[in-house]
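These notes concern the structure reproduced below.
Letters A, B, C and D mark the chains in the order given here, with residues in each chain numbered from 1 onward.
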Amino acid sequence: MTQPHEHAEHAHPSNRTYILVAAILGVITAVEVGVFYLDALKPVLVPILLALSAAKFTMVVGFFMHLKFDSKLYRALFVGPLVVAIAVMMAMFLLYGVFSA
Amino acid sequence: MSQTDAAAMEMHSATGLPNRKILMWAFIGSECMLFGSLIIVYMVYRGKSLVGPYPADLLNIPFITVTTFVLLMSSLMMVLALSAVQRGDMKWGKIWLFMTALLGMVFLGGQVYEFSHFVHEGLTLKTNLFGGSFFLLTGTHGAHVAVGVIWLMSLVFMAQRGRLTQANAETVEIAGLYWHFVDVVWIVLFTLIYLLV
Amino acid sequence: MAVRSESPAASASHAHEGTYAGGLLSWITTVDHKRIGVMYGVSAFFFFLVGGLEALLIRLQLGSAENTLIDPDLYNQLFTMHGTTMVFLAIMPLSAAFFNFIVPLQIGARDVAFPRLNAFSFWVFFLGALFMNASFLFGGAPDAGWFGYANLTSTQYSPGMRVDFWVIGLLVLGVSSIAAALNFIVTIINLRCEGMTLMRMPLFTWMTLITSFLLVMAFPAITVGLVLLMFDRMFGTLFFNPMAGGDVLLWQHLFWIFGHPEVYILLLPGLGIVSEVIPVFSRKPLFGYAFVVYSGILIAFLGFGVWAHHMFAVGLGPVANTVFSATTMLIAIPTGVKIFNWIATLWGGSLRLRTPLYFALGFIAMFIIGGLSGVMHASAPTDLQQTDTYFIVAHIHYVLFGGVMFALFAGMYYWFPKITGRMMSERLGKAHFWMMIISFNLTFFPQHFLGLHGMPRRTFTYESGLGFEAMNLMSTVGAMLLGASMLIFIWNVLGTLRKGAPAGDNPWEGSTLEWSIASPPPHYNFRVLPVVGGRDPLWAEDLTKAVPGDDPSTPEPHMPGPSYFPFATAVGIVVMAGGGLTLTLPVVLVGVALVLFGIYGWAFQPLEH
Amino acid sequence: MPRRTPWIVALLTLATISLGACGGPFPQSALDPASDFAWKLQDLFEGIFFWAVVVFVLVEGALIVAILRFRERPGGPEPKATHGNTLLEISWTLAPAIILVLIAIPTIKTIWDVDRPARGESLVVEAVGHQWWWEFRYPDLGIVTANELHIPVGQQIDVRLTSADVIHSFWFPRLGGKRDVIPGHETQIWFTADSAGLYLGQCAEFCGLSHALMKMELVAESPADFEAWVEGQLADAVVTDSVSFAEGTQAFMRGGCIACHKIRGTVAQGVIGPDLTHVGSRRRIAGGILDNTPENMERWIRDSRGVKPGSLMIVPELDDETVSRIVEYLQGLK
């Protein structure tokens, strides 16, 4: 009594979208490296780099891994442990003063 | 194996989602904690080495930027492969899969070069905390890439034999999830290890 | 309430003896969740006895002051292996036995989502457990404590292979746990029968799901810790070497980031069992179902935010101690909610005081004590006196023995008729209960006072004149009686298997789907997949849709065939472990080859053949 | 002295006596505080214990009432199915929450009170954990001793803890809680002893083979007595011209003892083992496990690993005469 697969993944983006996303990813990487070499940005380097990295992370997960379009269940399976992992990492960084270094 | 699986047991899916894809996502959740723990080790030991060489002495940003870009592009190849297989275009599916694996191998080659260069410069597992935590973190990631390359090459091989068809798009999709996740981990590592020296 | 006391197509005559038929090979190659569950149960109970014997030797040594029965070298091996065995080789696999046997039945499925992965999990556990215990034959068992604090575990302070056995053994067991947990996550999410929404799932299934999430999230932390330690020991890295800037406390963090969720991995299945037993024997549905579910989720979630309460004495500073004291105390709230809901379920019920309920009630009574002593050392300052003393030994045993083991025994008595098709003796069951609960308290209650009066744990001896003698003697006598109480259980099991009364489908008039089919269930479980309309499908008031019986007119469903690839892969992993232990590359390569062979065969062997 | 809650003390005592009419006296008991630090912990514990007893009585009571009142009666009606009650759920979520707040407030107050460096004037003691003995240094006084800590009553002691090998834990139950002794870290604990006396302590973190045999003693004495002890410790080893002393020194050197042990004023300048300059004056030897008698000292020298498995003390084969000379010599080092 197999239920009909309700194709949650029907709304796949087109190849054009994929290529566009990849191009943006490439550009962000270039910006990251550029920022890294700009002395003027030294004081705000860490937040900028973390934000750019998070943007790339979200794009790959959202578009390439289809999490943006796929069933909410997958999102829960991924985001739940991710949140716990990030929380534990933050707590450890605070305990070890990683941010203040 | 999933088709036989489902057929044999007349499996009922409460959510309408394939078992193996749920499995892969749950596994990826678990991997978040694995890499999270490894990152904890690396970050906690950052700047705690008592002797050199230190990260700033060794890390080659332009070089690693190139391999990072290669890995990012492999993810693009991967989505193109999946979309081709889903369309039933096995010829392009096979080509994109092979390209994905190839770029993965290029990335691994870069890592082998980087590791041997570091060893040559006097950084081994035993040298200092940076050596141990760097090789363990990037090495674990590299091992994941290697597993992915083997997996992708097996798919290429299966496609070559005609055993991978449009009906197996799910198999490709699951390999893709794994591959993209490995890419995502590298996005984080690239920033934490190389840019936040 | 009207209870469906007679199911149409059901009688003992339907018992499917064929479920367990076949020789050794059929057990090695089986992918049937019920057989795998039985194998988990039997081997876990065996290791429970092994760990128990280790405990009895420990208690014999501590029976009198300055005793010389057991030298410190053996003593340290015994307490290390007692902890490791009870946590990883007894309680976890006993829970896994119930996950395997019961969960697919409760959700109305024919098997787990990945039957061969399931067989693989079992064999990795079993062979890994043998591997760990083989250390006794090769230069001694691990002796650095089940928590293995760095840098005592370094090659400098722990030369030889003992700690290597522990490190590699735990890594192997981790593979088993994660594989099994992933399997149950998918099974519970995706194999629920029609009508069984998440909020209609039996509580035991719910707790299994939560436990599985805890497993996949907690084990990676200890895996990383173990890999660091392995690299330190085998490849000379400096992670836990203070002379090179390494921080020994990092191990403690990684260990307890795993270790505290691990406590809930041990506990939650027990909470699930009790939440099944109490309603059935009270003759009314679980009170506050949703609150019991959500409190379980909350306990699990908070469990990741409390690890440093194991480290109050290391001096993390007032901010950290405040935060971790507060989060730890928070856990008492959802735990209390569960206890209150159980009592409310009993309230107004019609209690059938049979053995499973005895153990469930014993669980509540003992678990309250363990919870209250837990709040005492949730408070960082009071913990400074209590940590590393017998007070903590008492606490963990009230939680893990008075709590979890009582719950697991409740589960054994409750589901034994379903698993074997035979009823256990009530007389022996109650004798077992009374002897167990009395001797348990005799063993562990005095340990609270030993700890408060200054007796540290993990000590192989104590001086006379400190006032420890009498309470230690009580504890030792209690432990011997506790050990003896297990003989009653074993006697009961063996007797029941030989000549127990047939159980029928639903001897307890239970409400969940496992009771709708024969005992033991046929290898395909449900000929027709059931459809449920409520939380207690076998209790009439929730029967909005019929539960199809074992309609003989329907053909038997095809089930996955046996496979030796999971076993081969598991053997390969343990061979790799052996090669890693002795640092012999050829053996590692043989293991890798076996694993590759196993996976390849596995991937290309159709499930049905 | 902080306010006692008499009935809690009575209850604890009663429970202890009824259980351990049994044991006692308990010279190493955390329930018998003798310092400001230990009292802070004890006061907090008693408050929590009070609530634990209240909750225990109420919840176990409810459980027992439920069991007795609702057992199945033949011919009784089927129970009414109740699925829950939101008001009840809220109240039994709030009730424990309120009790926990009542526990958390004093807990947090005490954390900030005890989890801090010593304040004000204090006598600094550096305690070094070794497998399996304790080294105590008084940097301001220039004294080094082992396993026996002397302190003046009424004076705050600031203990700085480091380890020479693995993790240990410093614990005098009557004087304060545990503080782990961690290689690569310096931790600390402080306390002011209330009254003169002998206090017992031991390592509380598993530290290897003879963890159970890593004990220590603390002698709290009047400032005058403490001064006298300091005077005695500051002096070099008693050097007399007696033949036996000279022979003893030679035997000590011949036995190889000088490789690890220090005796100030002699050639023995080892730093690995305990400083033996005034070993004769100590109450106990061998990591606080043997009374300091000539017989025990001889046993310790002849069979250190029998007395303390895994002991790092290496003693070459010595003839009887040498051993007795060494014992006589060490016993003389008051």
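Basically, a contact is a pair of C-beta atoms (placed from the backbone, for glycine too) under 8 Å apart; a residue touches a chain by one contact, two chains touch by 3 or more.
As the structure is a prediction and not an experimental result, all values here were calculated from the model.
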**Chain pair bearing the highest count of C-beta contacts** = C-D
**Message:** I'd like the most central chain, judged by C-alpha centroids against the all-protein C-alpha centroid.
**Reply:** C
**Asked** Using the average of all C-alpha atoms in each chain as its centre, how far is it in Å between chain A and chain D?
**Response** 51
**Message:** Just the number, please: Cα centre separation of chain B and chain C in whole Å.
**Reply:** 34
**Asked** Distance from the CA centroid of chain A to that of chain C, rounded to the nearest Å?
**Response** 36
**Asked** So which bits of chain C are touching at least two other chains?
**Response** 185, 189, 194, 216-217, 221, 245-247, 253, 257, 529
**Sequence positions of chain B contacting 2 or more other chains** = 10-13, 15, 17, 22, 26, 29-30, 33, 36, 40, 44
**Prompt:** Mind pulling the chain A residues that touch 2 or more other chains?
**Reply:** 1, 73, 77, 80-81, 84-85, 88, 92
**Message:** Once the touch criterion is applied, which pairs of chains come out as touching?
**Reply:** A-B, A-C, B-C, C-D
**Message:** If we count contacts the way the header does, which residues on chain C are in touch with chain B in the complex?
**Reply:** 109-111, 113-115, 178, 182-183, 185-186, 189-194, 196, 216-221, 223-225, 227-228, 231, 235-239, 244-247, 250, 253-254, 257, 529, 557-560, 602-608
**Item:** Of chain C, residues touching chain D in the complex
**Value:** 1-3, 71-73, 76, 144-145, 149, 151-152, 157-158, 242-243, 245-249, 282-285, 287-291, 313-315, 317-318, 321-322, 325-326, 329-330, 332-333, 336-337, 339-341, 343-344, 346-353, 361, 364-365, 368-369, 372-373, 375-376, 379-389, 445-446, 449, 452-463, 465-471, 474, 541
**Request:** Spell out the residues on chain A that touch chain C in their complex, using ranges where they run on.
**Result:** 1, 73, 77, 80-81, 84-85, 87-88, 91-92, 95
**Asked** Can you name the residues of chain B that touch chain A in the complex?
**Response** 6, 10-13, 15-18, 21-22, 25-26, 28-30, 32-33, 35-36, 39-40, 43-44, 46-47, 61-62, 65, 68-69, 72-73, 75-76, 78-80, 83, 86, 173, 176-177, 180-181, 183-184, 187-188, 190-191, 195-196
**Message:** For the complex, give me every residue of chain B touching chain C.
**Reply:** 1, 4-5, 7-15, 17, 19, 22-23, 26-27, 29-31, 33-34, 36-38, 40-41, 44-45, 48-50, 125-126, 128-129, 131-133, 136
